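Across the two complexes that follow, chain A remains constant while its partner is chain B and subsequently chain C.
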Partner chain A sequence: MIETEILVIGGGVAGLLAATKATDEKLEVTVIDKGSGASYQSSGVIDVMGCPLGEATLKPIEGIAQVIECSPSHPYSVISSERNVTNVIKDAIRYLTSMASNRGVEFKGEIERNVVLLNTIGSFKLTCFYQSTMDRGVLHKLEGASLLVTGFKGLVGFNARFCSSSFKHFASKFNIELRKTSSTELSLPSLREFNLTIIELARMMDEDDFRKDLAKKLETEIAVNDVSHVALPTLGLKKPYENMRIFEEETGTSVFELVSPPPSVPAQRLMEALEEEAIERGVRIFRGYKAVGFEGEGRSIKSVTLASGEKRFPAKAKAYILATGKFIGGGIVEERDKVKETVFNLPLYDEKGEPLKRQNISRLLAKSPFPREGHPLMGCGVKVNAQMKPVVNDEVAYDNLFAAGSIISGYNYVREKSGMGVAAVTGYIAGMNAATHVEGG
Partner chain B sequence: MSSMRRKELEHIDKVLAEEKIVVFSPYEDEIYSEIEKCQNCSLCLTFCPVFEATGEFYPGPRGIADELSRDVREFWRASSIVYMCTLCGRCQERCPVNVPIPEVVMLLRSKIFVQRPDLVPEGLKVLLENVSRYGYIFEPMNPEEREESLRGRLERIGLPLRGDPPLRSGLVAYFPGCQAETRLLEVKEAGKLVLEAFDVDYGIPEKWKCCGLPVRLIGDSAMADELQRSFLEEMERMNVTDVVVTCAGCASELKSATKRLGSGIRVRHLVELLFEEVGVETISRKARVSDKVKVTLHEPCHLSRHIGRYTIDYAEEILRALPNVDYVGMRGADECCGAGGLLKFHNPFVSATIRNKKLEKISRSGAEVVVAPCPLCSVNISEGAARKRVSVGVDDLAVFLARRIYSE
Partner chain C sequence: MVVMEDYDVIVIGGGSTGTSVARDCAMRGFRTILFERGDLASGATGACAGMISGGTKYVLQEPEFSEMCTREVVTLSRIAGHIVFRTPIITAILTEEEIKLRASFVEKYGALTEKRQASPILILSPQEARSLEPKLSNNIILAAYFDEMFIDPFRLTVLTALSAKQHGAEIRTYTEVVDVLHRDGEVYGVRVKDRLTGRDEEIRGRIVVNAAGAWVPEISRIVGIKQTLRLNKGAHVVFDRRITRFGIICRALDGRTVYLFPHETGSILGTTAIDIFTSPDEAEATYDEIEYLISSMEMAVPSVRDARIVRVMCGVRPLIAQWWVPEGDVTRNFRVIDHEERDGVRGLVSVEGGKLVVCRAMAEKITDLVCEKLGREAECRTHLEPLPGADGKVNVEEIASRYHFSPHTAGRLISRQGTLSSIVLSEASNERSLLSSVCLCEAVTEAELRHVIRNEWGVTLDALRRRTRMGMGPCQGFSCGFKAMAILAEERGMGVEEAFRELERFLAERWRGHIVVLRGSQLSEYEMTQAAYACVGSIDMKVGEEE
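Moving on to the complex of A and B:
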């Protein structure tokens, strides 16, 4: 029933980027999205390369070079056989951040270096590009700062007192001296004092009255504590910059937002911005459909089968982009203890680019829950060539099929801190190549 | 089963009853295990219309998991959450572990109804009485008043009044639903005219009653089961294989009833029947050329998420096929209008807040008319538009179609 020129399966960062990039070529692009995948569960910052080969680095470009040298099946290595990988990552991220910026979500950072950001669980996160609400809190800018970590009574998953002492410890590890760290736990009359989530708090921040009350509270706290920087778990969903400006003006300090694990408000801001921008540029998004199979003829995909309620029907396109993600997105599922790709039933490969022989979940998990080398399970996926076409035994599987994002094997974003960087660059390339494929007939 | 074992079980049941311990059925246990998958990520809150309207006072779907995690036997602690739910289903769609939240809400409502009836909102109990007394969820008008009202309504939109063709053996049964029978009367007439225009051999069941959805929403699943069982049995007796419905809620509920009761009867919403049996070409050919109008579609939750998004595509294609209809998309078309889950009938304030947000989205679409393939949504949106002085026409899809298809 759906007929389009390019069909993108998956509406995460990779899928939306691919779709928008292809739309730039004046093609008709349709995204089908079953709901929300891993992008919504991300931290809303763009990691490019944080821990190549298991060692943290502050220099992503060097990290990428290391990866290209040592692991030939990594998507960055695969891309590097045809393009200058640093340049194309730069282009892809510039494209991603400009999409976000058009909808009011601003990014800062540069590919030359990783920054250390403090997070709501009291540790730090290494990343490359971050939303500008976090800018004042970049660790190397905090030298000599007197930091007040602001908690809220009843806020789940955030302990300001713990964070404040822990931040001091982590800062010293990076040779940054925080002059003083202190914490406070606010309770505001309009705020429930138990089981409050960060999403609820963010929503409250967007309300003028609440914001005013909070600014006043902060002012009092600051007067007692002698503070130069204020860290908040969130700055709001819709008006974070306005909130930041108001808090800064009222308190005369630098205010910033901490990175948080899911539920992450910055991630929701980013995803909403990307969706809005994609639609604005002409991408059609069909939500609530799930790709469950396909019709192929030789080396060409004829249609993808979509499920909606009890109905199954085909979606026809000239090119298809598989951006269904891994386990969170549903691109790979576990079925009777075996893992499989859900739409095209493509064979899966492991992180080293070898066909996944033993597909038993239990064999793809390391024994300890947080192993240094990561779980092999998170490195598996489909294998692609430099055009982002899935390959089987080194041959292109289908001429009109491309893949993007974490459905691709050869890297372990959990261990490596490269998730959104790979999503962006593979989405960008897949979008371009799919467009070229369609235009070339 | 040996008599020893039976005695043993009887004894266990007796002790449990004495101790006031509630035993779960396998289905209940399955649903509870589903909600145990909740990771507490709170993504559901971002997509919850009630949360958007009320802010942090409503803990949302996540709150249900939270309450049940304390002690599942005290499921009634979630009553304020589940009765405020509009059952729109956006949370389930967005849930990374796909917890069937609407199903959980329905189950909890039915358990609360039986074990803690004091927690069922009073506004809903009245509706339940209506069903027992009249068979409809709303109190019907007296026949003279109804006819007068109907004539006035039809005159205004230029449609004729026909009698109800009785359902004969083997025909398509047209199920108008309570809203069209007792409130938005013209929808029932429009539905009839549309079916007639496309030569569908149909009849209206003689003694049809509420589809059971509102009853189930209140929590009385026994009564809902009974309503549905007797309706489907009656249809089977009449050799009916096809039921067509103009209301999104009735359509989705009757559809799931056929599945639950293993009935072979095919229940379809009007848009499904038109798209699948009549086809857009025929609709396009039959339609009169009327004044140019910019139209957008409101997507009822019971069509888009409960039945499936394909129904929305059908509705869209049908609208696009009409001459001089300029179809425009709407951001947030699939968001609840505020009437879902019977929220409107016990918390009109929150319901209206959701509705106002919907009206903003409708205005932003730039459409002159918003069409909803559901009389409940239509009434709710047009009420809101009138009260908020939003200058947009609101039409049920059946009415919108009939006015463009009917000719004398």
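Moving on to the complex of A and C:
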């Protein structure tokens, strides 16, 4: 049996932010999580609004305004009915990045501007706030650079040769000319000869001997190549800035880390930092517990049933925050033609705010895998009001229930490039409001 | 336009039939060229279950055909041993009337088991059956145990093409026959279009063999010949893991037969049979077909309902045009058509019907006719000579320890490459990073990918998938697509844009097989692929035009 003032279900970005925000009000907050979700799989940078209505923009604020005008069910639009949305996004992200910063994970970026980063696939990513290990690699700062893309023999999923030509290509698409791109594949005796993962490599980089060897290797490479910038697939898990400094000093170049698809070291770094900081500020976190049901009375949630293995027990709180994510997180599942919310069985809505019918799921998918307009399925979720309270037919479902993150409907983060931004701001607001609810009695 | 030199034989179609014809013709000394508009085995061949049976369904109605199938099972096991495997099967009987239906089959088919080098058919009580296969339902009233052989249809086709090449044939994939050159009642060549470069060519030949499967009538139409096939669509549902240890066969809800076979690392559930009257290009599996299969198999194996589906595949059977009988009663035998005799058009031969299991026999018959037409006497030797990689046994442990990599990965490689495995790995002694698994689901190493790009017409990511199973596992190309793209681009000197276009095409192909079956726990894999490629890889964003 757990008793707490606020119970947060789900410990992704949204849940951790909501929980920490609520502890600011000196409330007792408990997060339970059954495992992990999309936040751990993300690339560890914070998108706010990259492609409003499917068109790329370098100006997130304009993008947000466009969305507010055209998509009334978008969480940003819903929030804008009560608050200045740009300010609250700024606050939420400042809150998130300062949590990370307290644990040594630094962010850069500003809400006025999106930046283009390069990734280990060999293409680019548009985002707004990024870890400072990536700073020297922001595309518009690379004009005229001579870039050395550094791979590692045996590392799976990163082809430095290919990236060196593709980076030049994509940079030119953004009207940035890289003076030169070259590549190398380092082989270090302490590394696995094949099937080396990026996470293993990052862990190695945390070790003094290894990074000394690596710095030397890099130095010899740079001596033969005329290089101003060095791109690495990772800079290590725990000491990336130290590594960056050492490598920069040793080579006299600017060094940066690339964005990567899962498994992503920066995402792991960020999530570990958020979790440690949340605990530091008094949040209790229990992993390995799954919320499987609830008991309600009228418009109030009385308890949530938790499962751990075969055991079942209730968790009681004054307010509950649902931050269970989408399909990766497990907040939404599909069973026999029905897409369902898993804990409170809340009805789901589509991107336009219409109730979701029971239907063959393929009707919510587009014919092509990556259409600019996105798949309707990715816009489905629970519907919330400006306080982040789930609503059913425009009525608040439960007075003491809030929702945050990608469980919320009305936006498609895949198409829009807004995932962490929405998770942060909805988590921030849900945390504040849940606290107010509890304090108000 | 380039006009190519003359050939004796031009083969249209790179499925199991066409490649077998090219091999036989080349082995009998004909100058042979084969055109396939897509990849090898991209038609019905790649959508089939790969069961090479003694013709379970035909043993009663067509005993001679059943005998032929039985002979071919033995031949394929000999000439392609490393890609042939035996699967034990339980037929689950759910109703009294089925017992009567199946009785005479058991007797007749049982008589053929020995010839097929299979174990005898055993009748099992429901308890016995369930102790062997706990996933079986409590509702079965009787069961029969027997076994069947299976072959990897992709490897069979590629190895047949490789053998043809070794005997001098030219194999041209992604090259579509767009015209058949003919004058005065005589076919003298074809015009082809390279689908990757867009280039046109004319090729002259003394005989054109139309082995285009379901597309045979479309080729015939070009020279004014009306040829009708009974085109019949079939779908398979592919699951992420082995749901049952045994293959399971049971009656479908409409009285047909459906099966659930362990297949490579997963299971496949099949199949439907629906006559189609539009172009075979349009054939797609529908939601109802999938529900039909699941609802049918659920009676015998209840857990199939909640198993994780990774994709669906669909193909069109080029059946001989028999009408006024249900699909199940249509012969699976084949017919070689001499269009000179039938339509007065010289230089054109086609084939109707048939099955994967008899592809070599079909080719033998066709090549006999080619010999007759071109006035050459040469014996067929296709049943004697092993296919590349099938000329001996390879020890998994030995290979794994020689290269210091996992026996699992070595085993998967050997199951595809047989004795060629050491050639595939030859560079890995010095360049150990080639042993990295690019595709984790199916344990495909970089060395294998590079080998098939260089030696097996691996010109697209899709082609790499067919040859190595890369991208066929639960993640459906999410984790291997971009890695393989870089390797392919490097090997083939592709530009960056071309490489990403190729990646998009590959993911789009995977998506087509996915869209109707996407459900349940597979949705988290879907979100991962969507986000990794769109959120991180920006594959959905076009830059340059509007920036």
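Here is the rule we use: the second predicted complex is superposed on the first by the 438 of 441 C-alpha atoms of A that agree within 3 Å, B and C clash if a C-alpha of one lies under 4 Å from a C-alpha of the other, contacts with A are read in each partner's own complex, and residues count from 1 in each chain.
Convention: contacts are C-beta pairs under 8 Å (C-beta built on N, C-alpha and C of every residue); 3 or more make two chains touch, one makes a residue touch a chain.
Treat the numbers as computed from the prediction; the structure is a model and nothing was measured.
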Three-chain arrangement built on chain A, chain B and chain C clash or fit: clash
Touching partner for A:215 - first (chain B), second (chain C), both, neither: neither
Which of chain B and chain C A:268 touches, first, second, both or neither: first
Which superposed partner A:195 touches (first chain B, second chain C, both, neither): both
When both partners are placed on the shared chain, which of chain B and chain C touches more of chain A: C
Chain B versus chain C as contact partner of A:328, first or second or both or neither: both
Contacts of A:169 with chain B and chain C, given as first, second, both or neither: second
Partner chain(s) touched by A:41 [first = chain B, second = chain C, both, neither]: both
Which of chain B and chain C A:369 touches, first, second, both or neither: second
First, second, both or neither for A:121, with chain B first and chain C second: second
Colliding stretch - chain C into chain B, listed as 114-122, 312-320 or 384-392: 114-122
Footprint overlap on chain A, comparing chain B with chain C: 41, 156, 195-196, 262, 328
Interfacial residue positions of chain A with respect to chain C in the complex: 38, 41-43, 47, 51, 55-56, 119, 121-126, 153-157, 159, 161-163, 165-166, 169-170, 173-175, 193-196, 259-262, 326-328, 330, 332-335, 360-362, 365, 367-372, 375, 378, 413-415, 417, 419
Complex contact set, residues of chain A against chain B: 1-2, 34-37, 40-41, 156, 191-192, 195-201, 203-204, 207, 262-263, 268, 279, 286-289, 308-311, 313, 328
Touching residues on chain C, where the partner in the complex is chain A: 287, 405, 432-438, 479, 482-483, 485-487, 489-490, 495-497, 499-500, 504, 507-508, 510-511, 515-516, 518-521, 523-524, 526-541, 543-544, 546-547
Chain A-touching residues of chain B, taken from the complex the two chains share: 39-43, 45-46, 51, 55-57, 59, 62-63, 66, 93-96, 98, 304-311, 313, 331, 334
